[in-house]
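Alright, structures below, take your time with them.
Next come two complexes built around chain A: one with chain B, the other with chain C.
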Partner chain A sequence: MIDSKLFLDKNKTVMFGIFENPEQFLDTVSKVHHKGAQIIDCYTPFPMHGIEKAMGLKRSLLPVGAFICGCIGFLTAATLQSYTMHFDWPMIIGNKPTVGVSYVPVLFEMTVLFTAFGIAILFFTRSKMLHGKMPSERIDFRQTDDRMVIAIATDNNAVDKNELSNMLFSGGAVLVKERTNNGYEDFTEVEIKSAN
Partner chain B sequence: MSHGHEIHIHQENYLFKGKAKTLSLALLAIGILFTVIGIFTLPHTEAHHAAPAVAESVAEHGAEHATEHAATAHEYPGQNINGVDVGHSDEQVYPVVSEHAKPAATRIYMNLLLNGYFVLLISVCGLFFFALQYIANAGWATVLLRVPQAMSTFLPVGAIVLLLVFFIDGENIYHWLAYEKLHLTKGQPGFDKILDNKSWFLNSKMVVGFLVAIPLTWILFGMKLRSLSYKEDAEGGLTFFNKSIRFGAAFVLVFGFTLSILSWVVNMSVDAHWYSTIFSLYNFATGWVSTIAIIILFVLYLKRNGYLNLVTDEHIHDLGKFMFAFSVFWTYLWFAQFILIWYANIPEETVYYYKRWESPFKLHFFLNLIMNFLIPFLVLMTRNNKRNPKILTVVAIIILIGHWNDLYLMLMPGAIDKQAGVGFLEVGMTLAFAGLFIYWVLTALSKKGLVPMNHPYLEESVHHDVGV
Partner chain C sequence: MIHDSIIRPNLVTGDKNLHDVTSEICRPIENKPSVSWKVGFTISAIFLGLLLLTLGITLYVGIGTWGLNKTVQWGWDITNFVFWVGIGHAGTLISAILLLFRQKWRMSINRSAEAMTIFAVMCAAIFPLFHMGRIWVGGYWVFPLPNAFGSLWVNFHSPLLWDVFAISTYFSVSLVFWYLGLIPDIATVRDRATTAGRKFWYNFFSMGWTGSVRTWNRYEVVSLILAGISTPLVLSVHTIVSMDFATSVVPGWHTTIFPPYFVAGAIFSGFGMVLTLLVIARKVMNYQDYITIGHLEAMCKVVMLTGTMVGLAYITEFFVAAYSGVEYEQYAFINRATGPYWWAYWSMMTCNLIAPQVFWFKWARTTPWFIFMLSIVVNVGMWFERFVIIVTSLHREYLPSGWVMYSPTLVEIGIFLGSFGLFFTCFFLFSKFLPVINIAEVKGILKNRE
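Coming up: the complex of A and B.
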């Protein structure tokens, strides 16, 4: 599923690069990743093809979760039907066996139901987006409209900050910000360098 | 996706020679050899032609009715449905009273019918795949579009085989045709109410008309769509693409109705008393998943031999997903047909499965589910398997054998019942058709370039990406 290093925790020192051109953004994300910097996440107003590879994301474990949820659904349906129709109060309908082919529609439906709800709940839980959760950050006012944001962890000193900001600017960033203090309310935005 | 560096797009020309040519011809030769062995080792039956046989039985029944010997040990009064007496009788529905034996040669024609119908389904579904990419505005498959395009050239073969079989041995295969020849009217002994009601549709004139007109329509649509694609290669521009969308949409509309009709007259009318409303869709599912399997096999073959360099794991993955999804789709339809009949337990309907549950077909019945559902479902579930050429090849071949078996189970019990079997004849005929199909399609592929160079979605297809 989603790697915990991807969460934009409040105690992390983070550099944000804000872009307006999707292609430049994708190129820069790839360059930053290959440079060895730790990308926390990318925020884009629309789904972007190839961004997972550019960020170097590992494959999600969600399908495994889906499979497990499906198995639980299948077993639930099998248990429910065989208990109610065969053991607890055997009902013979249309001279059909009490265990058999007639179970299949319910087996199918409950497998699908459990899988669908299961992965939705798993996904929202793991990415901390369950109902009632407030949005954690708004880095740029236009990040849900036409701007793309890359968040890079800078507290591990993997890459020099100046080098990183130069890289972002040369890649086409319109703005580079850094968040240093802990806590959401009182963090300060330090403009390292303004565009042009 | 390899973002950032350019992918060089250039035309590829497939050369059909060497091993592939030898192998496909060898397959054809072995197939014909096996067929000949099969024909000479056919179990001998008391061959009497169908029409007299039916006439005899009618005369027999008539005589018995006339002398009021209704309740003898072997005869039950009432309607005879596919050899099972139903109706008018409260207590006795079974056992199955077998129909009169068919001539041994009918088995040969049944095999021709099976394979002819199978290749017709596959080639028309290839054309459907081709048209679908246009009307859905889909770009991903553009780099491999020439494969289904080449498959659609095989249409005439299946069409001719079906027509020949209908003319040569139709009366033994389709009992409604033998019945039609008797010209019975209401009240006469042997009068069949069900067949009489269906005769406005299920008569030789209509069926021959359908057998000629439907494949012809498909062939014409195929020629038009292919020529548009080749013209686009030569001249470029969006004109041909836009025209392809229009012709593709028209084809898909026609295809939906005509495939249904063809599946009724060729396949379902083998059991003329029985009907299922989901049957045509079920036939489409069989053809469609087989088509996807064949596209996968051709694409993987071409890639292994250094062609189709633009096809990446991403395209293969999507084809694998298609194969997985439509195996499940097929199962859904198969089960939808089965459970309603099983649950309702109406004799007119259950005879269909009753026969298929009997000795020569029981194994096929379960193999059907194992090969067409369980194996593809379990094996193709993971992402890695869908991207693995070896596993895909194996599953595609299993699915093809499985759907051959599916058609075997649809056609054989109704027509030749206990005389059916899988031997040299069945294997040989199928291999011969496979060899011919491979030879034909690869020849078609070698005639034109493998990459639709001026297709507007080529660039999109080259950069196709299904994500991590």
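Coming up: the complex of A and C.
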């Protein structure tokens, strides 16, 4: 695995295999990964189970972030309630303690609130998602509809380019193409093989 | 990769492929609105206008325009608040709890149910906000802002304040969950867009989504975490709403059974409203292959189970009142069933406990027009439940000199009917501009995916 930011680096060459059958796609991804080729990323219109293993992706660390956000929420609620109800202006109602179990509902709600917003913000940041951002990695307009795309780095690759394109094509790709990045949003695309 | 069950029928019928799913679900967004949509939207918008008018009168004249009095300080306002919050419970239940239980039938209905949650909570929020009277200074009363005259803060011992936190957390977390689920589908619409306006707006809200597996991988983790935290959240919200009543000393409210009873009632009414909307939507939008009879049947079973649970709670309340030996409690319950509001009590019993029992019969669970009729009965019954709890408990005091009757004014009726206008206007806009069914998730459960 290599980092996906290489994808946009100048003078890098990337080979794309475009598929229409999810089962064949998954098999091919697994084969390409086991062959030792560097898969930059894959693009699928729906969450495909098992593909992260086929690509060799690591488990996301987002749950750790969620836990930290939850703790911050809990501490915020505890601080807010004890400061306002106990320290700043002790509010004694019915002779009940100013710190007590009545804090629990707000502690819970704020923990959930901070976790949810925290995880969403972390997710958007980690995935470089932003409102209005142009989808820079759109290889095929149908990759959000009914096509699946595998992107493989072909510079200094362990696998020969011809062998790789044959592998993709025999695996069921409808189109195999290669793209060289000449600079900001300037690409040279060469179609290698097409089913039609 | 796909583990097909041999005994279970397909969740999506009609032998569709991936492209069929995309184009069929995107159809309402990409075409001009149908006549039925226009008629429905216009009627809803008129009721929304009624809401604005009656809220305007309330603000201009004051709370005196409502039928509340010295004894019944909570009437239709809080009845409607609890009614709408309850309806808002099905969405998160379907998307969070059913996700944790790996119930794949949720996938065709979770989007619209989540949308309903958000719109229902918006409708609910109107009532307590306007009940405060001067809502422009409401920030001091509901949020922990320091008082201008000294360090007097809001009271965190009060269940009413817990409710502010619960409802606002529930609304915002549901919104995040809903939007997150929408992003891949918004990107699908973006990539098919032909007009400049659609290209711009769907591009704006799709946040650059490309369907990258790395992003999907994180997305699945985030969905699971959100589902994990939303599950206790959805249970906590109606628990806290029930504490608004249960922590008081009013006979008929001071009951420890309230939290589970309210949660069951919320799920019951939420599913009732989901059925009302989806039985119509699947027909009008031609989504019978996605929201199948199997989906309706599963929801009917939930309605039957939760209806029986609330029915059991009604009877348990009676038993506890009798067994406690507290005559105020006993009187409160006898008065409910035989007092001046007996008709509300028996409407509630008939609609919530007796009517859903027809779902023991398969015919009743699989006939859409019948399900629709019964879902209306459930909605009516659950509204009466809140009316019974609130008004019949309040209209009798410890001192008979405080005994009064309560009836709503035209303004209150207008606000209630208008809240339906807000709800349905939002739902019609949603069905026109966003995919009503989760395209990406439905693609994952297709059998023929070529």
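Throughout what follows, the second predicted complex is superposed on the first by the 178 of 196 C-alpha atoms of A that agree within 3 Å, B and C clash if a C-alpha of one lies under 4 Å from a C-alpha of the other, contacts with A are read in each partner's own complex, and residues count from 1 in each chain.
Please note the rule applied: contacts are C-beta pairs under 8 Å (C-beta built on N, C-alpha and C of every residue); 3 or more make two chains touch, one makes a residue touch a chain.
Please read all numbers here as calculations on a predicted model, not as lab measurements.
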{"item": "Fit or clash between chain C and chain B when superposed on chain A", "value": "clash"}
{"item": "Dominant toucher of chain A (residue count), chain B or chain C", "value": "C"}
{"item": "Touching partner for A:K96 - first (chain B), second (chain C), both, neither", "value": "both"}
{"item": "Which of chain B and chain C A:M48 touches, first, second, both or neither", "value": "second"}
{"item": "Chain B versus chain C as contact partner of A:T115, first or second or both or neither", "value": "second"}
{"item": "First, second, both or neither for A:P63, with chain B first and chain C second", "value": "both"}
{"item": "First, second, both or neither for A:T76, with chain B first and chain C second", "value": "neither"}
{"item": "Which of chain B and chain C A:F141 touches, first, second, both or neither", "value": "second"}
{"item": "Which of chain B and chain C A:L26 touches, first, second, both or neither", "value": "both"}
{"item": "First, second, both or neither for A:P105, with chain B first and chain C second", "value": "both"}
{"item": "Stretch of chain B penetrating chain C in the combined three-chain arrangement, among 276-284, 294-302 or 312-320", "value": "276-284"}
{"item": "Chain B/chain C common contact set on chain A", "value": "26, 49-50, 52, 57, 60, 63, 96, 102, 105"}
{"item": "Chain A partner contacts - residues on chain B that touch it in the complex", "value": "1, 3-4, 335, 338-339, 342-343, 345, 381-383, 463, 465, 467-468"}
{"item": "Residues of chain A touching chain B in the complex", "value": "26-27, 30, 49-50, 52-54, 57-60, 63, 67, 94-96, 101-102, 104-105"}
{"item": "Chain A-facing residues of chain C, complex", "value": "1-2, 17-19, 22, 144, 150-157, 159, 161-162, 165-166, 169, 172-173, 176-177, 180, 183-184, 187-188, 190-192, 203-222, 225-226, 229-230, 232-233, 236, 240, 243, 439-441, 443-444, 449-450"}
{"item": "Touching residues on chain A, where the partner in the complex is chain C", "value": "4, 20-23, 26, 41-52, 55, 57, 60, 62-63, 66, 70, 80-81, 84-85, 88-89, 91, 93, 96, 100, 102-103, 105-106, 108-110, 112-113, 115-117, 119-120, 123-124, 126-138, 141-146"}
